[in-house]
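For reference, the structures are reproduced in the following blocks.
Next come two complexes built around chain A: one with chain B, the other with chain C.
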Partner chain A sequence: MSGAVALPAPRGAAGLRRAAPVLMGLGRLVLGLGIAAAVWEGAVLGFGIRPEYLPRLSAILSTIAATPEAYAAGFLRTALETLIGFAAGVAVGVLNGVLFLRAPVLRDMLFPVFVVSQTIPVIAFGALVVLWFGNTLLAKAVIAFYLTFFPVTVNTLVGLQSVDPRQMALLRSFGATGRQVLLRLLLPSALPQIFVALRLGASLSLVGAIVGEWFGDTTGLGVILLQAMYTEQVTVMWAAILCAAVLGTGFYALVALAERYLVFWGAEA
Partner chain B sequence: MPEPMDATSPLLELRGIDKTFGAVQAVRGLSLSVPAGEFVTVVGPSGCGKSTLFNMVAGLDEPDTGGAMRFKGRGCHARELLGRVSFMPQRDLLLPWRNVIDNAILANEIEGADRKTARAKALRMLPEFGLTGFEAQYPHQLSGGMRQRVALMRTFLFERELMLLDEPFGALDALTRSIMQRWLLDVWERHRRTVLFITHDVDEAIFLGDRVLVMTARPGAVKLALPVNLPRPRPAELVTSPEFIAIKREILAAIEEESMKSFQSSGMAA
Partner chain C sequence: MQRRTLLTAAAAAPAILPFVARAQGTQKATLRLKWLAQTQFAGFYLAKARGYYEAEGIDLTINPGGPNLLTENLVATGADTFGLSGGTDSVFAAREKNLPVVCIGVSHQQTPFFFVTRADGPIRTLQDFKGKTVTTWYTGANYVLLGMLAKIGLKPGDFTMQPQQVSVTPFVEGQIDVVTATKYNEFYTLMTRMGREKLRTFVAEDEGITFPRDTLIVSETTARQKPETVRGFLRASIKGWRDALKDQKAGVDVVMAASPALDRAHQEFMLVEAGKLMTAGAAAQQGLFWIDDAAIRSAHDFLRQNDVIKQPVDLAKAYDGSFLAAIPVADRMA
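Now for the complex of A and B:
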């Protein structure tokens, strides 16, 4: 018996057929980005906007090009914090969901605690985490985790609870064990709901990582952002924002892509 | 795994079975006996407890204490029948993320069969179920009749002596339904299982069954058990023969009586 969720993905011809529209979409995306860039550049030039308010895109890009290593290092560091926090949040969230489904007593005990924990402003929580973990990569990942695990917990539980009881009965009539029901029915059924939380978590975990960096560190997009703010280097600030946008959008797109691939059957009545 | 059983005892035997859901008594004093190899059809007014009967025989619901359940000559609890009876519920309940083949082998996978072997076997069975070439399709790409055949295939592949089919053709149009009935008899002649088959269509019950059970209005019990002594294989024209009509008349009279009862009791309750 395989331990993994039994989810055969469509392959071969179906994959090829799906590739064409994806490429078209990609083409349109590039076109859209090009237009946005042109409008940005043109507006700053045309309306004579001062660079303190909004620098030209080309100025921002050349700032990045001047010291690419600094931005690359910051990007990678923040990406790593985001990913670790996100992965841990997803793992814990899914486990929580399963646990709460199986032990409603535990749900009634822990859920209110989770809700209270989520009402703590992330800034206050960030200060605490840095106190506990110091200025480490782990501290940032913990903040990203803190923002991710709760939505994943809630959505996993909702998804697991919304499974068709008749399908449960069918699997039980085949003599399925609780584990088999979980892996072959419950988790796949909950997948669409879980992915809603994953998309949310992808954005939130990046916020967590950047906020975490504000409490002090030497590398990271948040660090670049903060330092640029103190030294009033507007273009550098914008460069950091641009990098964060690329990271956030890329991460979100990856999650959305995984969703399209895994949740291919759509909502069924 | 054929277990030793003496030839005289029926495959399934129920004596005085009751089932209560809160204030509702769904089944009362239900008794029936099904010998191995028989095709038994069950008709009765809706809500009379037919699905409840199946849920108990499939092991999903425990009957109230007092009655007796015997399977292969041995007394047993309902839950001991989990995994030992091949159950097809009223809806096809295909898993949307599994293609036709993987839906068909779901039960085999759960009993621990090797996935590759099970798939190969299912592939060989596709033509018999009219699904050739559809092995890689997903449920949302199939018509209602095809989905039903996939569910039936899943039920047949889960090789158990007793098969429970709960209104398998209930959602199909009349023409598809009559094709499916003849097809099912054909498949059954070759695979020879013991079948309990619920339907609300009297023609279907007579056309398919060796014996037709008519249930009383709720609480459900067996009102009438009528053998259908019509030769097999049965041609489609059988439904217009005098013997068929005679059986049908008797069954309709019994159902009518029960429907009136449930109509009157619900009328009085309102």
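Now for the complex of A and C:
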């Protein structure tokens, strides 16, 4: 963890030494994936599992290779919806957290409403969102947002509230303004807690985007998934699931990476 | 923070663009389908690709449907201009709830689904449904089944009826005795997995029941204020469908371009079957999208008898054939 704090890595041998553990980790990851793929392929062949239940991994990959543009377009579209919803959810969530800390009245007024909003199953929301926003990218982003903003709000608030009051008092005694206290102490201290929500939000926003696509759209992984489900194209269904898994894992990894750099003093994760 | 705002801005741009780049001179309209892109809707996609809507002054966007989306609602609220909705049954239901939608054309002239059993199984006649397990969709097909069986004297307690899930696998595996299949979708899956000769079908029309489906609807407001747009939409759609049924390769191509992950062989089969349903019955003489008053009346009376619709629906208000009538019969023939 401490390696990440250092200034730009020196070139040459030292850089290599630094890169070695990363490469090693990557190597292990590739090896793990390779083994999982081999077990998958072998199990389907060995146990004679029928393709209706689980197609071979190679069959799924060749399905993707047959029309790669469909999957690429779906991947990008879903990624975009996820990202917009996530970004908006994070922005609003952090803002809510700060607002609720500063104005407990607002917290008491709005928090119950937020809780109620989160108890509504997102699927009940889908048809309404289409009615309001049409079949736009925005409609899907709104659902992703809806699933993301609440955990971020809660965690931001918890993070902000857990700041040591003695630190606050110290900064104040040096004449720090409210804004300075917020930016230099409160938010950075809450970051580890906020990142817990961000990692949660990364997967939730993808769920939101895909659910959103089930309410009528032309492109997206959710669209491919739905279409394949109803025409019983099982390999296509698995192909969409695989793409969604790659997207979800990739997004989660990016958030975790950002956490490692931004919360360099070490989150409890 | 700065990076985040930049990201949001960059991501939002494509979402806003379509609103900025509105076409000028032509009228914006949308068509909400009952399902995702497939050749069941090939004619609409082909008409759009060949500029038939544009020629009528309509800048049409085709919006796919999905599960839990009710086309009648979207059209009634004005979220969509035109809709290809469930069928006569869903139009009745909408009118009963006072949704201001009008049907301007009927695509599938006959019941598009049937009930399938194993050819080598114990079910040879409808009478044999007694004591068996049947799965069907609880969106209209269940009443067709009940109606068919009532005609030969079977009551609901004489057999087990269960809601049908997405997949036909339980039937293929032999867990259930009768499965409901649309002629263009589920039946294809059954054929490819079991073979056509292994399947026996029971058709509603054989029992004197018909259930026209895939209805074109508009809101009462659109029908009243923009009759020329409605006529133009019908003219262009029919032209697209005539092309798609005559040149089926073009019909399949245009759908495959919209949704490349689809199985081409299945889509070819679907277009053939959709064509049969669209040119069946009175449409053979009257052309595509014909509103067959007799068939509508029979479906209405059937649902009324079974108490699915609680009050009679004013059919003259719910079904308006005047837009179709403005197009010469020769131009409507497939």
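By our rule, the second predicted complex is superposed on the first by the 246 of 269 C-alpha atoms of A that agree within 3 Å, B and C clash if a C-alpha of one lies under 4 Å from a C-alpha of the other, contacts with A are read in each partner's own complex, and residues count from 1 in each chain.
Criterion: a contact is a pair of C-beta atoms (placed from the backbone, for glycine too) under 8 Å apart; a residue touches a chain by one contact, two chains touch by 3 or more.
A quick note: this is a predicted structure, and the numbers were derived from the prediction, not measured.
Chemist: Using the superposition on chain A described above, determine whether A:69 touches chain B (first), chain C (second), both, or neither.
Modeler: Second partner only, chain C.
Chemist: Of the partners chain B and chain C, which touch A:45 in the superposed model: first, second, both, neither?
Modeler: neither
Chemist: For A:227, using the defined touch cut-off, is the partner it touches chain B, chain C, both, or neither? Pick first, second, both or neither.
Modeler: second
Chemist: In the overlaid three-chain picture, which partner chain does A:166 touch, first (chain B) or second (chain C), both, or neither?
Modeler: first
Chemist: Look at A:218 in the shared chain and tell me whether it touches chain B only, chain C only, both, or neither; answer first, second, both or neither.
Modeler: It touches chain C, and chain B stays clear.
Chemist: More residues of chain A in touch with chain C or with chain B?
Modeler: After superposition, C is the partner touching more of chain A.
Chemist: In the overlaid three-chain picture, which partner chain does A:130 touch, first (chain B) or second (chain C), both, or neither?
Modeler: second
Chemist: For chain A, what residues appear in both contact lists, the one with chain B and the one with chain C?
Modeler: In the superposed arrangement, which is not itself an observed complex, chain A uses no residue for both chain B and chain C.
Chemist: Would you pull the chain A residues touching chain C in the complex into a rising list?
Modeler: It is residues 52, 67, 69-71, 74, 80, 83-84, 87-88, 90-91, 123, 126-127, 130-131, 134-138, 141, 214-218, 223-224, 226-233, 236, 239-240 of chain A that touch chain C.
Chemist: Where on chain B does chain A make contact in their complex?
Modeler: 55, 58-60, 82-85, 87, 89, 91, 93, 95-99, 102, 106-107, 109-112, 136, 138-140, 158
Chemist: Quick check on the complex: what are the chain A residues that touch chain B?
Modeler: Chain A reaches chain B through residues 1, 6-8, 10, 14, 164, 166-167, 169-176, 180, 184-185, 188, 191, 264-266, 268.
Chemist: For a test of understanding, state which residues of chain C touch chain A in their complex under the given definition.
Modeler: Counting only chain C, the residues touching chain A are 4, 7-8, 11-12, 14-15, 18, 30, 32, 35-38, 63-70, 73-74, 77, 79, 166-169, 185, 189, 193, 258-263, 266.
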